[in-house]
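Pasting the structures in now, so scroll down.
The same chain A turns up in both complexes below, where it pairs with chain B and then with chain C.
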Partner chain A sequence: MSDEGGPGTITVASRLSGYVRGGGVLIPLVTALLAFLVGGLVVLATGSNPIDTYRAIFEGSGLNWLFPWVSGDDRTIAALNLQQTLILTTPLILTGLAVAFAFRAGLFNIGGQGQYLVGTFAAVYVGSSLDGTPALVHVVLSIVGACLAGAAWAGIAGFLKATTGANEVVSTIMLNWTAVYVGLYLFGLGGPLHSDDPAAQSIPVSPDVLESARLPVFWGDPELQGLHIGIFIALAATALFWVLLNRSVTGYEVRAVGFNPDAAEYAGISAGRNYVKVMVICGLLAGLAGALDVLGWQFRIATNDIQVSQVGYYGIAVALLGRNTAFGTVIAALLFGALLNGTSVRNLDPTIFDPQLAGNLTWIIQGLIILFVSAPVLVTMLSRARFRRRPKPMPKPEVLSGGG
Partner chain B sequence: MLGENGAGKSTLMNVLYGLLQPDEGEILLRGEPVHIGSPREAIGMRIGMVHQHFMLIPVMSVAENVVLASEPRKGALLDRGAAEERVRELSERFGLVVDPRALVEDIGVGQQQRVEILRVLHRGADILILDEPTAVLTAQETAELFKVLRALTAEGVSVIFISHKLREVLDIADRVTVLRRGAKVGTVDSEGATEASLAKLMVGRDVLFRVEKEAASAGKPVLEVDALEVDDDRGLPALRGLSLQVRTGEIVGIAGVDGNGQSELVEAITGLRVPRAGHIRVAGRDITGAGVRGALSAGIGHIAEDRHRRGLILDFSLAENLALREYRRAPLSRFGLLSPKRMDAQAQPLLEQYDVRGGRPETAASSLSGGNQQKVVIARELAEAPQVTIAAQPTRGLDVGAIEFVHKRLLEQRDEGRGVLLVSLELEEIRSLSDRVLVIYEGRIVAELSPDASDEELGVAMLGGQVRA
Partner chain C sequence: MSTTAPATAPAGAGGKPGSRLRGRLARVSREAWLGWAGVALGLIAFYITLPPILVRSLIPSLLIAIAGLACGVVAVRAGEKRVGWGAVVACLAGAFGAYGAVESGVTNLERVVVWSALLAAALRYATPLTFAALGGVTSERSGVVNIGLEGMMLTGAFFGAWGADVTSSWLGGVVIGLLAGGIMGLLHAVFAVSLRADQIVSGTAINFLAIGITGFLFIKIYGTEGTPDNLPEIPDVHLPIGWIPFLGDALEQLNLLIWVGLIAVALLSIFLFRTPQGLRMRSVGENPLAADTAGISPIRARYYAVIASGAFAALGGAFLSIGFVHSFSQNMTAGKGFIALAAVIFGKWKPGGALAAALLFGFSSALAQRLPVFSPTTAVLFQALPYVLTLIAVAGLVGRSRPPAADGIPYERH
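Take a look at the complex of A and B:
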């Protein structure tokens, strides 16, 4: 380090940036730990052992597969579990990115759920029609259709914000419900996209995605819902997200508008046009999540799935915990994927923790994470309390009373 | 307490108020060494501080704000009557007139400051720290504040008044302590001190108050504004057929009372506001309605009025801020991809050339002092030698050293044969920099004067009176 300029100023600046960088990893970690801690208290309140419960969840997630000493049958089961965890992680990465990208532009995209849903609709529509199309082409067409549908859906909110100033929080929430009801109509009994399979005439479900549009399984047995290649597509999208945000002209403009729309306007960047662009990109990502779920393992949509799906909403927690960065979002998505899978009825030993309650534990932890992330004051307060416990540098406490 | 931006005034005061802890050294209060661990302890020692940015709750009344955190109670409830009585009593004693029942959001900035001072007095402070209290006040409000401060000192309150405005300090202080780069350079009695002697202490060398400049050698018109009509945000006419010319090699100053169309003029020329009628030409090229990018690429440099809100993106690094004009073009970006390496390479020499202290390309703009931030803006806007520079309040909030720097750079533009349009509310600045002074009144240029015109002539023209041109 050279010492040009005011030496004092440089120390302060570098110290500050060091703090921010440190906080960048530390605060999400503390947040997640706190959430698990409070979640543990809830487990305790139900009369179960939190440590055993968390261990069971961990094993249910299959993450123990990563430990080399797990072998034999345990390893086989762990592999099966990890495949399921990663299947759940895949769309969470993308819906997380869809929220994170908007955050970086100063927008709050709560519409990941709606964008994801219209993505699944488009994917199931394209994937179940166009019989006879070569496999690769069919997959690509289905994915493109889903991305465009998500982009259009999100673009509505961006367009309304740019032209009328309509708050994107309100419009995306409304679009989420609109998407749900569109789905209920499309795939409901007698709906235009209701399955024409005679066996499904009384079941509100879509037609099946044709073999040619299904994503290949690369790990595990396709019959046992092995891991499809969608995870790689999600990771590739994450890399693209990083380049787009940090290394592209578009990303520069997005961040400029996000930090300071006035100054951006002074540099000739139109905030309104950026809002549309940003929402469209968010919609692409969430729509892609829908495509990967439908083409990778669901292969059809039933109307009750539409109503209970929460993938887009989890994306908000994923983005918040991942601090809206590419890498952070992947890690946070994996955490939530593991939690969802580890607490699922199938995976948790009922003697350790009631599986009926376990799913709710995921909700509790998600809620706590959102609470802690949106209340950074709390985390800061706790950390300051820690610092205060250090011995005070100034001696002579007896003069303190003299001052008051 | 006097010092340049970033000299350490606020840091020192934050130590006294317990917001920061000293690494070394001790504080003597009433002759005894003390440790001030928090603002609460500071208040306990009867030290009060009024921050530059007020810490009031807008939706609560004056009385409620004053007694906040040490409320008179009636059982568990706030005793509103007692609170208002207390405020009335304090206001009378110190001549701080303010309605205790008014909501803080409804009263002016000067009044809000009084509420802050009342709050400090209510807690029994007899040492009052004011951090740049006049930065947000009008001249009238400043005069009233000074009256209050004199009343306070007459009652035995000690006041520490922090400022970088020489005249004010000479006006109000008994003794002046000057800080420079984190160290005390001297304490002098204000009697006998002059602006020049204080400025020298502050900056460490003689400061030119009067800008030295050669006579202008103006050439062809480079900026032509022709019968411009522009509406303000409410859709009311702000410019009513305004015309002006800036020629190469001259600085044209726009003088006027705030709100006579200055902002709209700047916004129209820089492409932020679309004119309803009229034309704007830069070096003969019509840029009317061409937008910000059209204006920038035609060769307009724009030193924006408010560097925090408009000139800089504080969360961006300096390299990113310096790229704000050029990021769409090679070499900074190719095929839509930015090159951070080339952005840094562009930034480094600019930061050196414009003497931005404490800044590297990767430093966040927010961590620089105000003067250095403005240097970054100027570096960006002048680096490519724009045909004409629009400088709107380019020295607002800067200390003498930085003001001198900005003035020099603007004169440099002129001497290199480019045009400068200077819009400022500081008459002194207009006079010392401009070659011609245009007076704006209600959206029109009503007079053209020489910079040597008397205050009276300028004043009359600014208020819309008739002047012989």
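Take a look at the complex of A and C:
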């Protein structure tokens, strides 16, 4: 809360920098293992076998497709499962990046969920109207619409932060809930964007996305929800994220503000303008996630989906586990995508472990990961071999503070 | 909260509360008064079109709103930007509101705007927020940001319901809920104080954990059927004041915890600002190093404060589940912990201020519950009102609101 512009301001980014920089892949691995271990204890406490449960989740995720010795029917099923896992991974990469980018600028974007939702609204609106538009144009228009919607939604929080100092944690969460109710209104019965299909008169659902706006499927059967090309768009966005953050002036400024807003201001970088810019970029990413989901496999929004969707919140755990880096985020997104698909009602055998319980277990594991990541001391203890004390990455604000 | 102007009133300066208040009022410039008058005029413009006054013409409201607008513009030009723009917004909103009221039917208006019922509902909706906000004030006054209020509240809601079910008494539920909230507070304290975690991130972790743990236990214990219908409920308090015209109707029959909440606000206020222990706790939140030098343990003070914070938030949650809704459902707090956090900021880290903010948000919820009379299709949109209002409140007031100096900064002994 207190990012008060006093001397020696410590931002989330600078305090987590030890975690971001040190430890390579070892620490996230240990963190995740620790969280899964505690999760296993929870499973054990309920009287189920944690090893069987985790194995069932792993097989449900389809990651066993990567093992060359899996063959025959098992391989076909694994392929189907892996397609679903990657479909779920796609938006997680992007909402993860949306959180990670903000983190690097010293902002905590909990608003990924709201930005994702308005992205889906815009994508379904553009995708279901404009009949007769050529396919490629229609897809691009829908995606652009979703990105802009997400950017605008996030921009509100950035603008308020820059002009009035409103804490972005509170404002983005309020925007999340506002987005939920806006969606319930838009697509609810009698709402302005409710489907005009006579068959859907009593179902609160949006109109269907037209064929011309749907993303092509490249792996699996399009009729059976095969893997759409959105995953490549997400990966391209990840590459862009890396370039933007590490090889551009914008990225330099963002990281400078993230490490120390005072020092950045002193160097002539406007922290306020950066807050707006960063939130807009975060919103673009989260909005894109919404577009890929709607255009790739959902094709419509039911109000029920709006209420249960949690893609944006998962993005927080993805970003933190991925150490707010481009590559780490992709790996973490795959982990959570696999976890989500493996614990889904469709894939997890209730005799091994109740899927509804498993869904909540996912929350617990995420909570533990975030909890472990939050304490640099804990991370330092885990990796004392790698770096001794707190790393001091950027110019310290001693010049400004005058001691203290 | 980012770069703020120096505080207008130095904390703790001046002797008696009365003289302090007078001193503070004297410092408000004439233009600022004009701005506040503009805000008031905007509200009056709307108020006169509502029951019981029910002016059925727009002209008086418009005249009042224009007068208020003029006040606002004068205030802005004299440099009192914040309150001036506040007046402009209030007058425009007032004029729009008045237009809406004049255009809508009298019967609808009389069904929606029943002030005593609205007040009672506002108190009911405000109470969970009040408790959680008190938790926020306690924790942040000691220098620990508590984003985990939401999760602690949810924990209290579940364990309150479960405890009431197991012990077959609402008191048992409240006690078990309190304990569970305290444990969540302890967890936050271990990470935020001892391990010097980033408090915002560890608080977020608390929220995730709480959703997982309560959801897990809820499914495990109650399955798909939900909590039993005969869950013991926190009783209402009947006051023999029904004969008092307005307050009688509103306050005659309110839940016990609503009154407890109001008393807790007063008690916490006295504790923080009128007792040596309260002073010590606040000193830890302002300057832990100085406090440590003076022989106060910042670590211990913060532990107590964060645990108490969890207990407060849990009480709010327990009220929600066994005092208000009479059941538990997954993630039922739905962002209320964060609204409470906004109430803490809005209320300038004071219990009384937090109560006022909670009442404002509670009132908006109460109104949102009644507005669907006008238009059932937009009913669901009105549900967003408390969140939007919180957003506006955080944006509009935050610059004037100054957190404790060491809020959110882990303390490290050298």
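Convention: the second predicted complex is superposed on the first by the 353 of 404 C-alpha atoms of A that agree within 3 Å, B and C clash if a C-alpha of one lies under 4 Å from a C-alpha of the other, contacts with A are read in each partner's own complex, and residues count from 1 in each chain.
Keep in mind that, in the parts below, a residue touches a chain if its C-beta (ideal position, glycine included) is under 8 Å from a C-beta of that chain, and two chains touch if they have at least 3 such contacts.
The shown structure was predicted, so the numbers you read here are calculated from the model rather than taken from an experiment.
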Touching partner for A:Ala199 - first (chain B), second (chain C), both, neither: neither
Which superposed partner A:Leu66 touches (first chain B, second chain C, both, neither): neither
Partner chain in contact with A:Ser248 - chain B first, chain C second, else both or neither: first
If touched residues of chain A are counted for chain B and for chain C, the larger one: C
Chain B versus chain C as contact partner of A:Ala267, first or second or both or neither: first
Touched partner set for A:Leu136, first chain B, second chain C, both or neither: neither
Which superposed partner A:Ala256 touches (first chain B, second chain C, both, neither): first
On chain A, positions contacted by chain B and by chain C: 5-6, 10, 12, 16
Residues on chain C engaged by chain A in the complex (per definition of touch): 1-4, 140, 145, 147, 191, 195-198, 200-202, 204-213, 215-216, 219-220, 334-335, 338-339, 341-342, 345, 376-378, 380-381, 383-384, 387-388, 390-391, 394-396, 398-399, 402-409
Touch list for chain B against partner chain A, complex: 6, 21, 29-30, 32-35, 37, 41, 44-45, 181-182, 270-272, 291-293, 296, 302, 304, 309-316, 320, 323-325, 327-328, 333, 336-338, 340, 356-360, 363-364, 367-369
Residues of chain A touching chain B in the complex: 5-6, 8-10, 12-13, 16-17, 243, 247-252, 255-256, 259-260, 262-268, 392-394, 396-397, 399-400, 402-404
Chain C-touching residues of chain A, taken from the complex the two chains share: 1-6, 10, 12, 15-16, 42, 46, 108, 110, 156, 160-161, 163-167, 169-171, 173-178, 180-182, 184-185, 188-191, 313, 316-317, 320, 354, 356-357, 359-371, 373-378
